[in-house]
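Just so it is clear, A, B, C and D label the chains in written order, and each chain counts residues from 1 on its own.
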């Protein structure tokens, strides 16, 4: 009995060791660019990751299916880090050993933890809608690339939109901000506070305890503050609960908004028809209309090579995934144009990524320009409203209040540079 | 090879009280130590930085918890917070220019001081109630760290560890952090092994087993309970500093949440409560099982084309983690240490399996 | 301070507290019969809610059929957990039993999202969200109904303890060996306690799931339930009821009054402070019997 | 009564809830005596010992040990004064070997420190080995050589009692309190323990307070006995005389089971 158990253990250990090798052998083939996508499929980011990852993988399949980029194939290693830093670090170090030139952890805590490593190892880390907002400053964070409107920019867009709607002035108005009480939730505070001073509106913040499954004591306070506009800022359960409580407290849905973290499935949970009018910030188009999504449907999903359920294609988060994959691959394309024969290194890809100019992914995303200084990509987005079926754009792509945003970016990046915070 | 105990007789108390009275054990220890020292030169760096290093650090921390739980019999579900206190104290000290060696001690002292507060509740309550109290304290410490930007590091809630050195060696790259952690781990391991053969350790066991009987022998239960909390918190705080400096390099509050506390308790239990060697086994299993499972699934998918739905695949490690905890408690409550000692005892007397050990 | 706001916070607090208390009642039920604190109670609530969603969404059953069915299923699940796992742990140190329930919690948190999908699922009870105004005072129907159902179930649980089966359970909790010797089937009583507890957890999961949607985070309800169970006294059903109201009120008031002062969400920390203070000042809780292992 | 009182209890009262367990008990033990404490079950013997050794503070009355008032002193402080005791239900430390169990008994003579543990070879080793010598003497005295390295929970009950006695003796106490050391033993084992108790007094000069049910043992070993019933002293003095005191006979005859036991003992 003892011996059989021992054999079992030994066998398992051997099998486990054996798994260490195959990926390495695949590396022997040349002309490929290795991306590492360790993401959180099981803990905090479950609400977004599966759709986001599906979009990324489908887009990469689309490009690879068309023969790759100037002779290079893209290989993406997807794994689960469960928002757990040791596992994320393991995944990162593994990716580094295997020669990955880009990592997309899609998690704010993981991204923050990896910052010192990527800066040292010169591996490009994509921090779309996550990580440090001040990483937009490419001079301080050369290898950290958000390439998407950061939270400060999103807050700036929202305030500007409110101002447009209220006839060009927010003087004397009240904006309530209900946010999850984490660094991520607190991040937009300085932007709102600065803009409150500049535009003359009253700003009130209401933090709720993560993950925010009970906000019943928050929203009566919000209602009683009689806000002209309400912004709720959280993720996952916190978002749906916030929206439900907003409905229950009878707030006017057309004056309630969130960040990029609102999706069709949130609306399903709250009730599609109860939330008509609610706003979100869109970094890219949603739905199946954009040409890229049509191409994916035809060339990837249509051939049965889709990475996930077909009905998820075209959701907001799916399109975020496509958007980020498109930007990464545009970076690869630029890199192959700058140095066609590589060598494929972090610096090689970095040069490509930071020379993306007016890229729109055939209409999916606003014109995006990434430079060595500006890693945010211009900070354009739009406001969309839920119409009961889908998110409908309420504005064109535009940018707003970037002066305030960049003031913050420089302030914090300077602090990072000075004190290593 | 055969009957490894044969021909060994001790003639002095000192010989008999050695850490490893059998020559075969001393040989094994030396071999493992030699391997660990040579590892950075013979293994791929990946295995150093993301396997051996966390293994060493987590084991050292779990040893601290093991002293408290296995040694003194006190439950602690807030050990992650203790480690966090040490890490934050040490990092703030290093950022103020205090050398790593002192900051490390400072982290340990701060964690020890607050650990005493945790422990004070153990003077009034025990068992389940102590578990609840420490659980609640974990939440309170989390709250305090997050709520005070002065502690957590401003709006980004992230603190980078400045470049520091240990005994003159700059802690950077892949090797130095590993050796620093290995050195500290060796010290803590020696300490924990020695505990079992000194009056201090015996007093702890006495408290654990029957505190009324301990007190009539002259062991002050209050003093030793607090001392157990103090020592284990000190080790936790020390390891917090090492964790931050040698492994994370930047700390944020979520590194020290309840998950870490539960993970450490699971490691100690899966390894075998009270066993020093078991801790290393437990840490290896809990730390690496999810990673290996992930890779095995990926391998199966690659070779056989058999794929699992993404959600199921992603959640399998979590099930395995929970399953491991339950499985060990139900099938082998004494943990991996017991399994190891069964095997060892079998081979010690092999082929005479019925000999007395 | 705005009186109406205070009143609203108080009313919300009481009803939310009752909803938490329902989960705590399950913990108390198990503790009363077997002396085990079930830290997987939150995960059981999550499991129950998932089962409802699967029965309703997956099999297309109506909600009013799915919920009773799920409660029956969960009764069996609870009894099964006791039979397979907890019964073997008799005589083991407390820490082992606590860890077993934590292991179970982790396992369930992996199993259900793994099998049925991790994204948030909708669970619609058909309670209208439209606000209900009482003068200037707003009442949330969902909270009223949730709190009401919880109150009814806890009262039922108290009555149950005076029924024949309840008397048996009380006997078991008082002295297992003695119960054995007078012919009470202790194992069966404990298994029933687990089954009932899982059923109550399911109700609780459904009520919370209707507000927040169903995903793993339902298991986080545990800490509140624990605070209530400890404040009330781990072996007192009446204590749960009163502690539930108190904790709900305290949290709601803290959110309204403390948050602006601290500048952060104090809600969860209130529960923790309640646990610590209770344990230090009155370890057996407000209504528990004083037979705690003391030093 | 000999000079140099070791233990002196005066008017000890103690109640639990409504139950008065001790109602003004007086008891004294002189230097070098073996004093028996007997009485039917529930008469308060163990409670009295618990009061003496600091487990329960008395509601009223005084305890003096070696001429010092120890009322309200914590048990470990009483132990430090040179008092050792054994328990009615064994109180050995599972998870340690016989040797380590006895070594714990040396606690009051050692200077345990966490730091010394880290630097074992420099600070702790010499002390450990010195005390090991004292322990080996007791092991020889109690004839425990064979089972020295066994885990304490696997050895037979009689041996466990002996280990507990060894643990008490190794502390080099001046006063030793034995709470039913022979409960559940056969005749041979009882004789062994009786021998050890006498030797402990003869060779080590230890004063002994003995709680015992076996009347043959009590009359054979003790210089004096004190008889308790319902928390009161009902007889005191030379063993044979005290036991045949009418009040004592009555107290024991109250129960049929008790009568059988005294009958067989006499």
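The rule is short, and it goes like this: a residue touches a chain if its C-beta (ideal position, glycine included) is under 8 Å from a C-beta of that chain, and two chains touch if they have at least 3 such contacts.
None of these values were measured; they are calculated from a predicted model.
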item	value
Each chain counted as touching chain A and chain D at once	B
Chain whose average C-alpha position is farthest from chain B's own	D
Central subunit by CA centre of mass proxy	B
Cα-centroid distance, chain B relative to chain C, in whole angstrom	33
Between chain A and chain C, centroid-to-centroid distance (C-alpha), Å	36
Inter-chain centre distance, chain C versus chain D - centres from mean C-alpha coordinates, in Å	49
For chain D, residues contacting two or more additional chains	none
Set of chain A residues in contact with two or more other chains	41-42, 50, 181
For chain C, residues contacting two or more additional chains	110, 113, 118, 263-264, 266, 268-269
Complete list of chain pairs which touch one another	A-B, A-C, B-C, B-D
Complex contact set, residues of chain A against chain B	2-3, 5-6, 15-16, 18-20, 22, 41-42, 50, 53-54, 79-80, 82-87, 89-90, 92-94, 96-97, 109, 112-113, 115-117, 132, 134, 181-183, 186-187, 189-190, 308, 412, 415-416, 419-421
Complex contact set, residues of chain C against chain A	2, 4-5, 8-9, 12-13, 16, 110, 113, 118-122, 124, 129-131, 138, 140-143, 208, 211-213, 215-218, 220-221, 251-252, 255-256, 259, 263-269
Of chain C, residues touching chain B in the complex	37, 85, 88-89, 92-96, 98-100, 102-111, 113-118, 223, 226-227, 230, 234, 262-264, 266, 268-269, 271-273, 275-276, 279-280, 283, 292-295
In the complex with chain C, residue positions of chain A that touch it	41-42, 46-47, 50-51, 180-181, 206-211, 213-214, 216-218, 220-221, 223-224, 236-237, 240-241, 244, 247-250, 265-266, 268-269, 271, 274
Residue ranges of chain B in contact with chain D within the complex	13-14, 17, 187, 190-191, 194-195, 197-203, 205-206, 208-210, 212-221, 227, 230-231, 274
